[in-house]
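Mind having a look at this structure? Questions to follow.
Lettered A, B and C in written order, each chain numbered from 1.
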Amino acid sequence: MSWDVLFAALTLTAGYNAAVVAVGAALLGASAAGIGTFVLLRKRALVSDAVSHATLPGIGLAFIVMTAFGGDGRSLAGLMAGAAVTAALGLLAVDAITRRSRLSEDAAIGAVLSVFFGAGIVLLTIIQTMSAGRQAGLSSFLLGSTAGMLFSEAVLITVASAAGVVALYALRRPMILVGFDPSYAAAAGYNVRRIDLAMLLLALVITVIGLKVVGLVLIVALMIIPPVAARFWTDRADRMVLIAAGLGALAGFVGTAVSASAHQLPTGPVVVVTAFVLFCLSLLAAPQRGLLASTLRFRAFEARVHERQGLLAIARGEAVYDRFTLAVLRRRGLVRPDGVPTLIGRGAAAAALRDEARWEAYRRLEPGSPLLGRYDGLTPIETILAADQIAELDRRLALRVAAP
Amino acid sequence: MAAGWRAEAQAARRQVVATTGMIADVLRQVGGNRIEVRGLMAAGVDPHSYRQTRSDIALMTRADLVAWHGLYLEAQMESFLETLGKRKPVVALGEAVPKADRLAHDEYADRFDPHVWMDPRLWRHVALAARDALARLDPAGAETYAANATRHIGELDALATYADRVLASVPATRRILVTAHDAFNYFGRAHGYAVQGIQGISTESEAGLRRVQELVDLLVQKQITAVFIETSVADRNVRALIEGAAARGQNVVIGGELFSDAMGADGTYEGTYIGMIDHNATVVARALGGEAPERGMSGRLSTPVVIR
Amino acid sequence: MRLSAPRPQVIAREGQVVEAIDTQSPLDIRGLSVTYGEKPVVFSVDFTVPAGGMVAIVGPNGAGKSSLLKAALGIVPRLSGEITVFGRPIETARGRIAYVPQRSSVDWDFPARVLDVVMMGLYRQLGLWSLAKGEHRSRALAAIERVGLAGFEERQIGQLSGGQQQRVFLARALAQGADLYVLDEPFAGVDAATERAIVSVLQSLVAEGRTVLAVHHDLATVPAYFDHVLLINVRRIAAGRIAEVFNAENLQATYGGRLSLQQLPELDRNRS
């Protein structure tokens, strides 16, 4: 792999072809991830896999029909139209099977996926024996072939992605609503079935567009991996869509650059691997939900709990035996290396005990208060209540202590 | 009675199944009407990715002789043909080309570039091997086969001379052949041309972006004005190459369509080996600025080769 | 024991019998039947929800209570029946109904904050294109405060307790600003404080002149919380004001003798 070619590709200066592919792959990645987020939230990821596999017989049939009528069997528009038709049929088949028979959705998906895909392979095998027309290039729809991306194809991807984005924006509220709470959506008057179909049709359009770039086997990966990665970065559905689109675009762009910098690296699969790398990075490094962050947070939490327990023990005059607790207390200068509490430690212990007492007093004073939900054994009550409320609690505590 | 004799004559014809069109053609030329040849791959079919179908298998198991090209051209059929070879006569005619004359594969150690038909002088070995295989199968026809082979080799020699002549008329600086895949290495060696394919020796390999970039650089550097598409391979990569060169100001056109891994349509002149090579040489020579008759070697090309 | 009411019959608040379809009624159900496959779960039920009432739907498990609600609102398909909302077909009056589903019907891992879920109540009014403005956000925040979740707007819904989740659903319905509130087992699995809070909100809604209809699972608290009740066990058993209808005879008919007298609310606080 050549590093300067990689750099050039990343800055779109590695040549016209790489630039065309990079932009096309980035747009495809963004729109696929965008619609993929909703598909994922609605738990229909496998249906979109069935839809993508159902494009294959359509490609074969379109080729056969076009050649039979004397045309050029490899016209991209015709092939994509054929792909869209059988993919739509596959989608309707899954829907019909699920609703009208007793089969569950995953059984319907499995059936449709394998039957349609198998029919497609049969058609491709038949086509390879046809003497009419030039058939080479049809199997490139399986894994994509980007090296030969033409400007016209990039334009098609751009236009379709833009239309997809507009449709996504228009349907974002219904799709979020249906994804989260379909019964509420139905009660509010939304036609849940139609919204689901619209969502999957949008996924279908993106699938057909992406056939030439990453191929039908991998387009689902491009739809699902970026949203899954995005989930680690946010807790809000609207932001999740945007982050997923960004990650998808990044995967498309960087993946293309990497494949342009080395020999024998097919672009489609490299884009998917790049998306996976982004997922791994998100899993590990995302703040809040990433593995690293949550591990660190848990360790910090653990330490705080031990510290609190240790301080309470000190305040009650009990000995602290737990080694981890002692280590934490030592680290924070609350006990001496020999286990004896320092001055600061004793002060902190007294404060902890007082805090516990105040919470107890508050619980007795206002048992129904929602603020009690904030008690977790660590949060000091001064951060929850106002000074005068705390003064009131202290007064009552003093009274109780004073009473015989 | 006459009908009975004719039927007997028919029945006496040996059934031969050939994989590629070129192999089928050489067998027809050498075997004449003593054999009946069925080809599996029609015009425009890519042998690198071809998988035998059920009816293909049925044909092959019923044939008296199965002839294939070998040299890993029919990559997907190799294990089947090797198994079949244990039960009936199966011969890899392409492998008759002596090892010393073959080009090594640029990536694999003991593999060779299979596109030996591009050089008529190498193809004579195949004709001879066909003669021998048919003679083994049908000793009674040995003389006929020998005569046919000699005649056909004469045609091959004439073809080679013609190709040499027209291709040599191209100015030396323009003798660069850029095609969709690496099928023309023997062509290049035989006629002194530099050859570059977008895809590798097999069309199963995907063209990388890097490769396209390198070729764009080459086109610009050497100021190449014509590149070539192939009948059995998608032309998308070639068109992308042209776009890439255009973006850098180098105007490149498609010089013509070549027969690389498959011949032309059945029943046409280009549907024979001679016609295929004739067509290729004529198209390349005219597109790159050389001199060649519009209708090829003997004026038999179906469409006149017009320079765009 | 009355199996089905003769039509037309409506019990309005003042005890007057009104003819035909009651255009005052927030929800008028005629001849509703619902089947799952070939098994009837709701059979030919007539019911008119009294305007401004706090109505409980009560019956044994599997009696079709949830199905009745869902079918009336069009969430599941119905086999037969006519539904009118404030005198008009339900399709034209969606905005006046707010639905609070069961908590279990939702995956709480969905990426949304409390505020996002409550804003969903405004989606219908916002339509597809218009952006949410400050006033919409204020409406949502007001609803959140009203259910006692002030300060929780940014909390991820997966981090909420059961009671808090139920409050979020209620806040969503409040944000919508409807006239009829339909709740499916709003007190199932919530803590006592939440139950009190929700009852308080519902009662304040009724005080504003709105109507509340809820599937309720706890017989003991029916007289305390509600003023009307529909007793149902696939068929309508009885309906009307608590004082008139919520008695031992009707309860026995509803629960098919599975109820022992001690379980009647007047005597005991045990759950059924």
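Just so it is clear, contacts are C-beta pairs under 8 Å (C-beta built on N, C-alpha and C of every residue); 3 or more make two chains touch, one makes a residue touch a chain.
This structure is a prediction, so every number in the text was calculated from the model and none was measured.
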If you tally the C-beta contacts for A-B and for A-C, which one comes out higher?
-> A-B
If you average the Cα atoms per chain, which one ends up farthest from chain C?
-> B
Min distance from chain CA centroid to global CA centroid: chain A
Note: chain C sits from chain B at a C-alpha centroid distance in Å of 79
Between chain A and chain B, what's the gap in Å when you average each chain's C-alpha atoms?
-> 51
If you average the Cα atoms of chain A and of chain C to get two centres, how far apart are those centres in Å?
-> 35
Where does chain B touch two or more other chains at once, residue-wise?
-> none
For the complex, which residues does chain A have touching chain B?
-> 2, 5, 9, 14-18, 20-21, 74, 125, 128-137, 139-140, 143, 145-151, 256, 259-267
Along chain B, where are the residues that touch chain A in the complex?
-> 40-46, 49-51, 53, 198, 203, 205-213, 216-217, 231-234, 236-241, 243-244, 247-248, 265-266
Given the complex, residues on chain C that touch chain A span 70, 73-75, 91, 94-95, 97, 99, 101, 105-107, 110-113, 116-117, 120, 123-124, 126, 128-129, 148-149, 156, 161, 164, 172, 182, 193, 196
Interface residues, chain A side, partner chain C - complex = 41, 170-171, 173-174, 176-177, 179-181, 183-184, 186-189, 231, 234-238, 240, 368, 370, 373
